[in-house]
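I'd like to ask some things about the structure below.
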Amino acid sequence: MCLAIPGKIVELDSQNALQAVVDVVGVRRKVDLGLLQDEPPVPGDWVLIHVGFAMSKISEADASDQMRTLTMLGEAEAAMQEVRGYGLENEEGNEEQGQSGPRLKQ
Amino acid sequence: MKFVDEFRSPELIAKAGQEIRRLAEPARHYRIMEVCGGHTHAIYRFGLKDLLPQNVELIHGPGCPVCVLPMGRIDDGLSLATDPNFIFAAFGDMMRVPGTHGSPLEYKARGMDVRIVYSPADALKLARGNREKHVMFFAIGFETTAPSTALTLMRAKAEGLRNFSVFCNHVTIIPAIRAILDSPDMRLDGFVGPGHVSTVIGCRPYDWIAKDEGKPVVVSGFEPLDILQSIVMLLRQLRKGEAKVENQYKRVVPWEGNRAALRAMGEVFELRPYFEWRGLGFISQSALKIRGTYAKWDAEQRFSVPGVRVTDPKAAQCGEVLKGVLKPAQCKLFGRECTPERPVGALMVSSEGSCAAYYNYEHRKPVAIAAAAN
Amino acid sequence: MATVAPKIKFREPQIEMAHGAGGKASRRLVEGLFAPILFRAGQGPLGDAAHIQINGTRIAMTTDSFVVKPLRFPGGSIGELAINGTVNDLAVSGAKSEAIVVTYVLEAGLPTDVLEAEVRAMADAAEKAGVVIAGGDTKVVEHGKADHMYITTTGIGRLLSGVVITPDSVRPGDKVLLSGPIGDHGITILLARGDLDLEADLRSDTRSVFPLVQSLVREAGAGVRWMRDPTRGGVATSLNELARDCGHGIVVCEEKIPVRDSVRGACELLGLDPLHIANEGQFLAIVSSEYADSALRALHAIPGGEDAEMIGQVCEQPAGAVLVTTLYGGRRLVDMLVGDPLPRIC
């Protein structure tokens, strides 16, 4: 039920503001903006497309936020280990609790 | 592809995998259900199971609208296709689903006018361009797809287009989740929530799962990083003994859902008192029906259909696989009488059905990988 | 030795569309009905072309039918496909095409200018491919019985020296080479049909792959074990056929498979896998590891071969199957197509 793809609005239909053309890496399709009529997107906006309808606007800010969270996965925990100082401190502070010796980089 | 490739970053996927391994308590066995068939498909397509530790098990849920559609409904829809004045239009997903007398593709091979459409709007376009024929759109899908059907019906009515109707099989996700939780055989620790359904219904409808059933729900996107991050979030909650609803798919899912979409659905649809779900039996208030105000565009109100109930062969264990009680390979017919080429049940035909996904992407793998490891 | 009556393993009561799609159903029909009756026992696995010895000269012969809708599409037309398709079947069996004969089945009512356009397209393609059109036949059927036109081409060619192509010679450790980006043809056709309302700057990749094959054979002939042009059913189907025929496993790395952005975009939108989409101007080659690097260089040196890639290798496991791995460690099996690839929304 769930195949939906991000696409960029490249132009609005001159006759109907609720019809637009989206671009998905060079593939273009008409999409219906009827489900986003309360806050219609404009060219340059990214939307989620499902069965030819735009379902939602994609928030670049939230996406970057998420990327940042993912990049920091594991690092927050490692930093906390260092702070708690269970006698496993070394210069880098990259130690798993209960392990000794340097952690091998994956 | 923007908003896609970043969420397939190998380095970040490795990090997420490590974090999952770190969070999963060795003494515990986690059973997490992904409700949506799209997630099942993504898990297999991206080979995500290979990245999870042994004690984190993903159970496939019933969120596959093709899989839960009873054969009788397909027969009903196809009975109208036999009329030479009809064009039967449906998504590609429906084309190979067997009815009692064949699948839509087989009807097409026999000369009936069957068309694949990508959008309900395309079916409407067909009607505009073929005035001498009647175009019937066989609608399937959960709340992700229902609003698009609703808008299309509103447009048909506004245009006064007489040669268009919809045969509506839209179903709703919450009753399906309830049926899973009510099932005595099922023990689950948490849910990966349906990301695209949630763009429409929002995250509130899952509150009862956390509050009343005590199971965490993380509404998830569909890229590898989305699914892995959702599992991280679930494990974090489970470690702390928490149960709440979280939104991992923030970049797309609004907590309150899509009001315009819900309005369109409310305008066009009402809940059926009950509807039969293949494998799950009759569930009340679980499916959508077109309102009387749109009767002229409702194939069921306009035309008569056989309305025959077709039960699955006893040997087919679709219901148990749908509920996640059995794994596909545990069904007696799997890989023998029931294969993607000759499917007995819909779980083998639908590309997001657990049986088809398992068969196509996985079933020879464990032996193969184990052998390679030696 | 007593003659054994051919055993028909094909049990289906009627022929369906899937039997022509190039995937599992097609294979069942060929192996279960045609092969037992038509081919002599012990003739070996079915390849793209037949090899015949005439007075000590090794000749390759192949035939193919072309049914395409629409007839004309960005990058080509049915006429071009009909020539290039047969030239390519001969090329991947290690042969240089010498002559082609053509059969047209035409639908009554077909406008003459449409036919003329295809005949010109065939003449141009033949000249480009350096092959002679030596003759042909024409039949006309009633309106409604032929989808405008069906074209069958049968070609013969001379086998290149220094290359023996058979799946039996494929070994674990051999490398899988792909001549260029996949999915262009199939997606172009899908878009050209107009039902899906998608637009992209895409063209069919139809071309003769012989110049590439020739370069490959010159450089690395001793190491070339097997070749195939992945037409209907795509790369996945061709590699699965090989895996079945040689009994080994084929492991391919997803990120190494060249796919144009727009093909990728269309596939993501429609829920299709590029590995299942037809190609008309590419080929796969299995080359022993000693020759693999020079083979790839040989392809890169020819115009049109710049995008060739080494996409994977032959392994012992998973025996008889094709595995796709990703950089992040995910793995999935890829099977042959069942019928034609269908867009999905779920």
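We call the chains A, B and C, going by the order they appear; numbering starts again at 1 in every chain.
We adopt the following convention: contacts are C-beta pairs under 8 Å (C-beta built on N, C-alpha and C of every residue); 3 or more make two chains touch, one makes a residue touch a chain.
Quantities reported herein were computed from a predicted structural model and do not represent experimental measurements.
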A-C or B-C, whichever has more C-beta pairs in contact: B-C
Furthest chain, CA centroid comparison against subunit A: C
Whole-Å gap separating subunit A and subunit B, where each centre is the average of the chain's CA atoms: 23
Cα-centroid distance, subunit A relative to subunit C, in whole angstrom: 39
Separation of mean Cα positions, subunit C and subunit B [Å, integer]: 35
Where subunit B touches two or more other chains, by residue: 1, 4, 14, 37-38, 64-65, 91, 118-119, 122, 141, 145, 352
Multi-partner residues of subunit C (at least 2 other chains): 197, 261, 264-265, 268, 271, 344-346
Where subunit A touches two or more other chains, by residue: 1-3, 5, 24-25, 50-52
Residue ranges of subunit B in contact with subunit A within the complex: 1-4, 6, 12, 14-16, 18-19, 22, 36-39, 63-65, 91, 118-122, 141-142, 144-145, 147-148, 151, 194-197, 199-200, 222, 225, 229, 232, 248, 250-254, 258-261, 264, 352
Of all residues in subunit C, those that touch subunit B in their complex: 16-18, 24-25, 195-197, 249, 261, 264-265, 268, 270-271, 315-319, 321, 323, 325-335, 338-339, 342-346
Subunit B partner contacts - residues on subunit A that touch it in the complex: 1-6, 8, 24-25, 32, 34-38, 46, 48, 50-53, 55-56, 58-60, 62-63, 65-67, 69-71, 73-74, 77, 96, 106
Complex contacts: residues of subunit B adjacent to subunit C: 1, 4, 8-10, 13-14, 17, 37-38, 41, 44-48, 50-51, 64-66, 91-93, 95-96, 105-106, 109, 115-119, 122, 141, 145, 224, 340-341, 350-352, 360-365, 367-369, 371-372
Parts of subunit A lying in touch with subunit C, wherever the complex brings them together: 1-3, 5, 24-30, 49-52
